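I've put the structures underneath this note.
Next, two complexes with chain A in common: one pairs it with chain B, the other with chain C.
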Partner chain A sequence: MTRRLSGFPASIQRGFRRNVHRAAAAGLLAAALAIPGTAALIAAPAMAQETPVRGGVLNSIVQPEPPTLMLGLNQQGPTQTVAGKIYQGLLTYDRKLNPLPSLAESWTVSPDGLTYTFKLFQNVKWHDGKPFSANDVVFSTSKFLMEVHPRARAAFSRCESIKALDDHTVEFKLKEPFPAFIQAFEVSSAPIVPAHIYEGSDYRANPANNTPIGTGPFKLKEWVKGSYIQLVRNEDYYKKDLPYLDGITFRVIPDAASRSLALESGQVQQTQYSDLEPFEVPRMKTLPNVTLTTAGYEFVAPMAWLEINHRVKPLDDKRFRKAIAYAIDRKFIRDKIWFGLGRVPTGPINSVVKFYDPKVTTYEPNLDKAKALLDEMGLKPDGKGVRATVKLMPMPYGETWTRLGEYLKQALGKVGVSVVLESTDAAGWAQRVANWDYEITTNFLYQYGDPALGVARTYISSNIRKGVLFTNTMGYSNPKVDELFDQASRENDPAKRQEQYSEVQRILSDDLPVVWLLEMEFPTFLDKRVKNANTTAIGVNDTYESVWLAK
Partner chain B sequence: MLGFAQLFASRLVKAAAILIAIVVMNFFLVHAAPGDPATVMAGEAGAADEKFVTQLREQFGLDRPLYEQLGTYIGKVVQGDLGFSYRQQRPVWDILAERLPATLVLTLTAFILALAAGVALGTLAAVTVGTWADSAITVVALLAYATPIYWIGLMLSLLFSIQLGWLPAFGYETIGAGYTGLAHVADVAVHLILPVITLALFYMAGYARLTRASMLEVRSLDFVKTAKAKGLTQGRIVTRHVLRNAILPVITVAGIQAGQLVGGSILIETVFAWPGIGRLAFEAVLQRDYQVLLGIFLVTSVMVILFNILTDILYGLVDPRIQVSQ
Partner chain C sequence: MMNSDFWRAFARNKGAVLGLAILIAIVVLAAFASVLFPGDPWEMATAPFQPPLSEDAMLGSDMLGRDIASGIAHGARVSLLIGLTSTAAALAIGVTLGALAGFHGGKVDDAIMRFTELFQTIPNFVLAVVLVAIFTPSLTTIVLAIAIVSWPPLARLARAEFLSLRSREFVQAAITTGQSNSTIILRQILPNSLSPIIVSASLMVATAILLESSLSFLGLGDPNAMSWGYMIGAARTVIRQAWWMSVFPGLAIVLTVLALNLVGEGLNDALNPKLARSRG
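== the complex of A and B ==
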């Protein structure tokens, strides 16, 4: 009795396990010699297998274990990955962030950009058998999410009215144009929850939160806290013959090294987000049974930066921030700390997000320029070569961020900026950053498909709010930036919007309110037998209705 | 017998006082850490606004003054209610009860194994002192004691799960297998082997060293010579005379460790993804899940106090010369 890989014959598993190391070596050899025939050889049987087959259980990892799977109440990353199979939003998005149907079959936007009308799929049922209707959408967006979900609250508070025109049609009327609105219907941004369970109840205390009822292709069967979450096929799913999988099991594996072992041994067939430490990725990439992709994170489009408190001298001086930017080699960070995962950023908007513009001030590593800027500020080196001392509190989100902190200390030391590293845990970090009690920290934020949803919040002065995380915690303020973000968020004409966003990117890249470090990419490892997974911009958080396992 | 009952009663009264002090101290200790559950949850959500954090604080009762929160907590604890984890939306008792079986089966098995093997190896080493067997046991014990426990765990897992494929690398049971009865027991037992060995190795090393040292000391005492002179067999001298007298320090240490059994082992549970209380405590610290953390502290304290009393009673049984005195 050893571990079990549901859906695969035991003999394959055993042979597979034994051969992992030998085959890894062989794969490496083949790659090194670039044998031309190999690719064709591998492709041929794959082609023959392209008709989806029903059955099998996909095993993956959930880490850290979420407190709840009620997606409306908790939008932690792992919650999204698991609950994205149970709940659905009205839309999902392709890799270019264009909307695709999910609970909504079709939709129209009026030419003035004020009225959004969604036609919902027929015959959709909640997991408890009750029919789903437009009323659920109206309840979710106008009441439930408005009460408990910060991002949804920001989007739907722009509505003048949300109405059900009939059982399968919902109409959102906006107070003023907000073209980013179409990006606000992804499953974690606006999960649709059952009105018949939540209407009139205390949402957070509702006992049903422990037994989530959604419309998705998978239902929660069992959650053994600390061990695993088991989802099974929703037999009443509204799309005929879907889903293909019998179920999905998410295992709770708290230790990073053990998570790597789980993938290596074939015990799990998928890992996502930060399941594996970046330094494990080069080794895992060589395993013969898995493929690595960094696609599927376009919707979150994380951007990592050095967050600088403008209330502390000399950090309030943009020359100082520029000196920091020149002192840091961001290619080194990408290649040596993130092991090649991610892209070197140019400005505030991630290059996979709409309205990105590369024509901005950029900062190549240049120690002389850095020193010149510090000289210009009058920060001369003292006897020990120190021009200024700053405190850096690395984000306590794992080994990689600690390594980044150590690199930054070295890099800034080279231009005479002495760095004192401060350590903290997640709760302490959140508390201190939210209350502006820091000098420099590392941070990353998701951009949610549109600058109006995920970028503006960091830089506009109306979002300087003490005690609230993920706001303009630096205290940066530039009236022109405020004005441009405001105009662009209301501009219906994409060309004009692009102009406004381009200008704001140019201003920000010169003001340098934060020092952008990395357009982060997460590694998704998929077993080669897993097909059709990770096809949209929300990747592993999507429903997995058409994912199937090759025999 | 009256003396015994009196002792027991007075110890219980003292224990209650200590327990209340522990609860109060722990309460202030956990609240002294920066951040609270609301900030943690806001951090995890990736987006936040004032309303979100305020709502959570109100719901968790964190908007009340600290002394009021303490009063509420003690009031509940006295009634046997460990409170409610708002993060997990469940009573703390339920959460602990869910983790307790996995914790106990791991720590208790490891404890018994470590104690038995440790005392046996220590005795063997003492009896064969100066020979290769003694040296081998001493070296192994030293290595097991000095090597980081998580490293041993990972290496065992690498060897027996990945290379040889004999044992599951982690987890408590086979997911979705739906075993019942004996099949379930066998399934858990197979998953138990690696974590138990890893944990037991560490404790065993301590017991072995302690037993050996203590036995060597007792062996040279006069009554052992007398026993030898009486013509008793070597085996009888070792078990009845030397070991029985040498075991007291082992019982002391074992008593302290037994009290901590319910606390689980953070490292072992993390490496082997074992759903025990150690991991629960660690996660509760990171998430500032005050109620869960205080609950674990309380249950562990109670166990430590109980085992201390038990150890005292055990002394008297092993060595009747130790009398109850007031």
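== the complex of A and C ==
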């Protein structure tokens, strides 16, 4: 064949030959694919690539742009995702919320549940080159976080003493058993900050807040406000050969459509939390270059509900709240409003959180039961079929929540509960809910891995605090529930704890202080070349020390 | 006699007749919305994301399964209601202030005009957004907000008319016969200055409808009233999957505003015979 072409210039011949070869190779490949037995042979080279390789920069999105990267001072979602690569906690957690090493190499808990001892990694250095020691941990947990971090304060105020036994050993002694304590060392719950920079200074005004110094595998190189945050490899990281990546760049993309486009075009290799709107997920799922997962949010485990002010009649009657629950189709909410993201809840505890128990009263959609309950209360339909009128103020957190409000109005209307929608902005919403100036609203809270940390706060009567958001704003009070949550938080025996939490779940799902709507899931999209990312319960907020990019 | 003159002049403008026809169709649609589409436009009547020409949704359904056609019919009520009432409110404020300024002149005129300028220097839409956001969105607050941002041009127009008519002989005669100021304003000057005010009011209805749509688009509409702007605002995010959710309400807005503008032009021709004659 080549001989016949001898009259053509050499370059054209070469080109032609190359094309012939390529065509032949493609043909062979097609033939091989057609025979099932050979599939393994083709997959083999891909398998060989699973050994991590050094190098490459991972691009992701940060949305909205965080006000600071000093994680001790600010724990908003975007701050956590970026600063989780710079700062570290003592522990991280697997998908089942069991502790894994981070700054602590190993740890022991005394049998009485009162003493927690952590052995720290050796040779850890701060990003400014100073050595890290147990003293930094003691300073962070007993001084820094106690002053600036409410969630950490709630945990560490239970300590009688926090001591450095030597340079690499820290001992926490509790006043009384608090088994959820082991969940309190996650990077956003208790980020370890450098004592040599913050000790004795005004923490919030320290100039170093603009140039965060952590121990993590990545350092802040450049932050161009409104454009990007560039992290680079920490060459002095204490784990040999880690991290694999040369850096991570978080791009600030305020427009939702542009964020979708950035992932579609491959400009970013990762999106997380609410970067993409739920309605984009079905479309993005079909892209060939990315994979979707909803894992990696087990630690936050958000639960969405209909929050009901018990100070308003007839909302104080649990039959009314049950009627509402029977009137709502939660599968519709999950499938049509959240486009399939999330799980239908059974009770107060998210099913991925410890001590979840599905054996509780559940409320399948049933309009007849709802009407029967309202009849029983004496709420008969008037001439227009209206039994009661309530005001619903949907959470102003974007249009998914607006759609939810519209759905709820229709769903409750079907059983004669007329809903008047109230609209408000984010600040107004927070102010009105915190001050109990609402009838019904929608809301969601993170559960932080343990009922004692993220669930009890919504239902115990000691947490009815006017003016404070994310407390027991409904004004629900049941002494038995208070007692069970209190006992369970101090119980060392996991079996007994389970019993107490199971009972409290049974009581709550019958009292129905709020109507649980959705165990929310966030979509994480990862480019198929990104390996080892999102492996723990804090998912995209973890250090990414062993994440690597396939070539 | 006067009537047939008016209609002849109006009908000479073919566009105006077309506009009037469209406008009547929209009014009929709004009036018979409950007959054509019984039930609540918010009702999730069918499966979500149904394309147009589906069995139970002529123009398709939205992301929660609400009928787009029903939304457009019921939305026409809200749009027309807000357009008319807010224009009426703006007329009340604008013409009153303009008349007082033009009739009395001097310090009263100065004071009123400085006050008007105060409003004219603030961008219309921004002020409307702020007002609605402060007073929480409802039909009443939206009507008031639109009226508050729309009256200044009417005030200026009324003032100019009053200024020029005030020095006419028939007004002077009325003053000499001892008629009271209010009688002169209401009986003598106002009827003679109505033509330009009517024309600009008809255009203002169109502007008000656009303003309401823009507010609803931004999520500042009355959350309990179905409106065209709301439909587009809610559907814009899924426009790549479902064009019909935003296109049909968009067409409804375009047609209504176009019709009102055409009618306004026709009114101008009919009520301003000098201009009409010079054209004809």
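A few comments on the model shown:
As a convention for this text, the second predicted complex is superposed on the first by the 505 of 551 C-alpha atoms of A that agree within 3 Å, B and C clash if a C-alpha of one lies under 4 Å from a C-alpha of the other, contacts with A are read in each partner's own complex, and residues count from 1 in each chain.
Here is the rule we go by: a contact is a pair of C-beta atoms (placed from the backbone, for glycine too) under 8 Å apart; a residue touches a chain by one contact, two chains touch by 3 or more.
Predicted model, so just to flag it, every value in this text is computed and none were measured.
In the superposition on chain A, contact of A:Gln410 is made with chain C only, not with chain B. Look at A:Glu277: by the touch rule set out above, it reaches chain C but stays clear of chain B. Contacts of A:Trp401 after superposition on the shared chain: neither chain B nor chain C is touched. Using the contact criterion defined above for the overlaid structures, shared-chain residue A:Asp255 touches chain B, although it does not reach chain C. Judged by the touch definition given at the top, the superposed model places A:Thr424 against both chain B and chain C.
For chain A, the partner touching the most residues, choosing from chain B and chain C, is B.
Of the two partner chains placed by the overlay, only chain B lies in contact with A:Gln76; chain C stays clear of it.
In the superposition on chain A, contact of A:Tyr238 is made with neither chain B nor chain C. Residue overlap on chain A between its contacts with chain B in one complex and with chain C in the other: 424-425. Those residues of chain A that touch chain B in the shared complex are 1-4, 6, 14, 17-18, 20, 57, 59, 64-65, 67-68, 74-77, 148, 150-151, 153-154, 204-205, 209-210, 224-228, 230, 247, 249, 251-255, 257-258, 261-262, 264-265, 267, 424-432, 434, 445-446, 457, 465, 467-471.
Within the complex formed with chain A, the residues of chain C that make contact are 40, 42-44, 48, 63-65, 133, 136-137, 219-220, 223-224, 234, 237-238, 240-241. Taken together, the chain A residues at the contact with chain C in this complex read 256, 277, 279, 283, 336-337, 399, 402-403, 405-407, 409-410, 413, 420-425.
Residues 33-36, 39-53, 55, 59, 87-90, 95, 98-99, 102, 150, 154, 157-158, 161-162, 165-177, 186-187, 190, 269-273, 275-276, 279-280, 283, 285-288 of chain B are the ones that touch chain A when the two sit in their complex.
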